[in-house]
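Letters A, B and C mark the chains as written, and numbering starts fresh at 1 in each.
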Amino acid sequence: MENEYILKIQNLKKYFETPYGTVRAVDDISLKVRKGTTMGLVGESGSGKSTTGHVVVGLFPPTSGKIFFKNKDISVPLEKRPKELKRDIQMVFQDPASSLNPKKIIRDIVGLPLKVHKMVQTKEELEEKVAKLLEMVELPPEDFMYRRPVDIGGGEKQAVSIARAIATNPSFVIFDEPTSALDVSIQAKIINSILNIQREFKLTSLFITHDLSLMRNISSEVTIMYLGKVCEIAPTDVFFQKPLHPYTQMLLSSVPVLTKEEEELKPKGIKSIGEIGSPIHPPSGCRFHPRCPYAKEICKKKEPRLIEVEPGHFVACHLYAEK
Amino acid sequence: MSRATILSEWWKTLEIKKKWYNFRRSPLSLIGLIISLSTVILAIFAPWIAPYPEHAGFYTDFEHANLPPSWQHLFGTDEFGRDVLSRTIFGFRYSLMMAAVVLTLVVPAGVILGLIAGYYRERWIGKLIMRISDIFIAVPPLVLALSVCSLLTPSAFNAMMAVSLMWWPWYTRLLYNITSSIKEEYFVYAAKVTGASSAHIMFKEIFPNAMGAVLTKITLDVGWVILLGASLSFVGLGAQPPTPDLGTMVSDGAKFLPDYWWISMFPALAISYIILGFNLLGDGIKDAFEG
Amino acid sequence: MNKDILLEVKNLHVGYKTHMGISQVLQGVHLTVRKGERIGVIGESGSGKTTTMKSILKILPSNGMIKEGEILYQGRNILEMKQEELLELRRKKISMIFQDPTSALNPLFKVGQLMLDIIKYSYNLEETEAKEMALKALRDAALPDPERVFDSYPFQLSGGMRQRVCIALALIGDRELIIADEPTTNLDVTIKAQVLNLLTKLVRERNVGWIFVSQALGAVRENVDRVYVMYAGNIIEWGQTEKVFSNPLHPYTQKLLECVPKLTGTEFSKGIRGRVPNYFNPPSGCRFHPRCDFVMDECKKTFPEPVEVETGHFVACNLYRRR
């Protein structure tokens, strides 16, 4: 039963010391990702979603808490992780422009993981493998193998990033806002590439984004974060039909949509108000209380715990605490 | 892909055409290029270009000493009767040689130290390297070079060593700054996540992005190293007579000012010519890589 | 709503000089804005939206060239104006809000200093009167505690607040036309909604013309009266918002709308085949023809004449020429 969960995060905290104070980027979150599924991680700025991804992949050490991958404790930064782990966990970053070394050619960028993990012996083998990877992300190898990032478009850069991430056939990939910087039609193409790859490789993913419409189409489960805390976790369909947390409702009602059917889906009567709080001095108790239309006395004093309201559906809100 | 195609593809990746376009947009850069090339040509082909190559070494002809500029001697002659023009042309050779030797020693060492210091800036090794380089930078260049030279026997070689000793920290500092900022770029993170070694990241990921700045600095430094070398020779700590070093020539001729002005003036102008040329070229190279 | 025409762009042709030659970007762009009207300009990156906006204010980069066309502001051609008149126009009549509020505000100066600088330069007022004007603008931009914002540096404010400062700057005095180029792209979902609502309210109250340039199709749909769709430097479809979005005519518009992920989770398209054209060697005739499923011979020859397919809904496509 435990083998079902490829990633388990327990009480993870990540704080950053800055001259302005301690930034509580991730403040005690726990979640589990089932093998072969895509967990969507949604939040606005300051939510801690990107930081979570960075800590899981090892770019930052956790301040406290544990991360389990395939039941092994990996709560250490990259330098301390075994090399095989870096074959198995990969990441696609948000900014296409800075994700690729401007001075290298595509063949070397995508080929680096193959070289590092000694998966190819000769130059011909390298080019063969890279060509296959490029084809998988729909970039014709003849055109792209020897180009530099500066000559290709944003969508194509992200496709290269994806090819690089899957080069070593990892079991787990973290996608950190991979299409936020891309045009609408390019985003569609890249998302479809990702979906195809996930199907073919039976990939488990953590998909970080702020775009709820995208989330609907790509994830099997959704986690909502606000100011370093988890607000709600639910399977995707349940989440969109029955959003429980007031923040979730506010998010959904703010999403701009194109069709009448989508309009119907948005929660009515809850408007977006207030500014997102500061992660250095977060509001007391429930961090969302200054903006919450249902805030009660207890919300200012006590942080709500994450409870399972129905199977697989978790909420951290005092409105549901009694039940 | 055939070897020829790979080579031609690699050539294309250098983006020479774009860099050349950016370079030639400024007429001053082109002037700089011409001047720099001319100094290099003069330096290399000195024995064939100079009208009186033998005057560059030990030569005396007191009958024709201190002659003003004329058609036989375009730059006049000095106190020993040597042709100033020929000696100036040979002077280019020694100056550029000094720049070449110093930079060949200083650039690799400074760059490697800078990469390491920047990459490990939070660790003790990074801080140690930067503090050492700070010490060298804090001392004014001429003072440092003078102290070193006076401890050792004055010679061209020792002058080069002295200049090298105080020049390396600038490259370390440059690379430290560049490395510090680049190492936070996502492509470096990506390389780390992939499992690449620190050595790979420093030399194959970060350094190629510093090439433009390093090349620009090298070009600009040619002028300044030569000036520093000439300053040392001016006070007698560099190349010794009869070597036709530009700085020595200015110094030797100084005592004849203002009567026999040509003995100092032309070598001094030559120094300015070199510095001007490489400065303009350096600006052009900066444009080429940035533009 | 006063139906006076504020801005009329006619047959605008713009190109850029680069080391690869002269690019032909805008090909006969046209646009009309009336007082109190909210206009949307949608298109993907590289379609020429920003080039058009920069041409209106004549702030193209040094290698930009306006080859042909007229830009009439209340009848006067901006392209023929002398420097004095152009400066007056920029100071008093037209203002622009850019995508990144962080780089639009000089980080070395307090917000108040920036505003006073602009007001004193444009209106020649005394310090106290200028400050009154600035505070009023900040209040109108729904900034809580305008005095505090006035005394703050940009980095002390959140992204949403910075953008509202930019809106305040854009509204100083009696502006008649506001051009907003992706004003909410860098903002969080819940803040986006607030800022767009604010802009809409102000535009209505003051009867100013507003051009909303964006790739965020949903946001544009919910906030403008008429919309122009751009592709590769051409306006290919335009008209009343509801009509264009519920009945997209041009194959590009149809495909574009299909690419947007839907909140309802219905399948979305795999993107548009082909690539955005190269402006140095653009396709002949209709620039979309290489990627169009309905391409005909005429499409390759000349750019299609626009046709009014239903009242207030125009399209430039040969599919509709027969009628």
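Quick note on the criterion: contacts are C-beta pairs under 8 Å (C-beta built on N, C-alpha and C of every residue); 3 or more make two chains touch, one makes a residue touch a chain.
On a predicted model such as this, the values are computed, not experimentally measured, just so you know.
Visitor: Where the centre means the average of the CA atoms, what chain is farthest from chain A?
Guide: Most remote chain from chain A, centroid-wise, comes out as B.
Visitor: Could you tell me which pair, A-C or A-B, is linked by more C-beta pairs in contact?
Guide: By number of C-beta pairs in contact, A-C is the larger.
Visitor: I'd like to verify one number: the distance from the centre of chain A to the centre of chain B, where each centre is the average of its C-alpha atoms, in whole angstrom.
Guide: Centres of chain A and chain B (C-alpha means) sit 50 Å apart.
Visitor: With chain centres defined as C-alpha means, what is the inter-centre distance between chain A and chain C in Å?
Guide: That gives a centre separation of 31 Å.
Visitor: Help me check something: in the complex, which residues belonging to chain A touch chain C?
Guide: Residues of chain A touching chain C: 44-45, 153-154, 183-189, 191-192, 210-214, 216-218, 236-237, 240, 250-259, 261-262, 265-266, 271-273, 275-276.
Visitor: Per the contact definition, I'd like the list of chain B residues that touch chain A in the complex.
Guide: Counting only chain B, the residues touching chain A are 1, 6, 9-10, 12-13, 15, 185-187, 189-197, 200, 205, 208-209, 211.
Visitor: Quick check on the complex: what are the chain B residues that touch chain C?
Guide: Chain B reaches chain C through residues 17-18, 21-22.
Visitor: Give every residue of chain C touching chain A within the complex, in rising order.
Guide: The touching residues are 44-45, 158-161, 188-194, 215-219, 221-222, 245, 255-272, 275-276.
Visitor: How about chain C: which of its residues touch chain B in the complex?
Guide: 19
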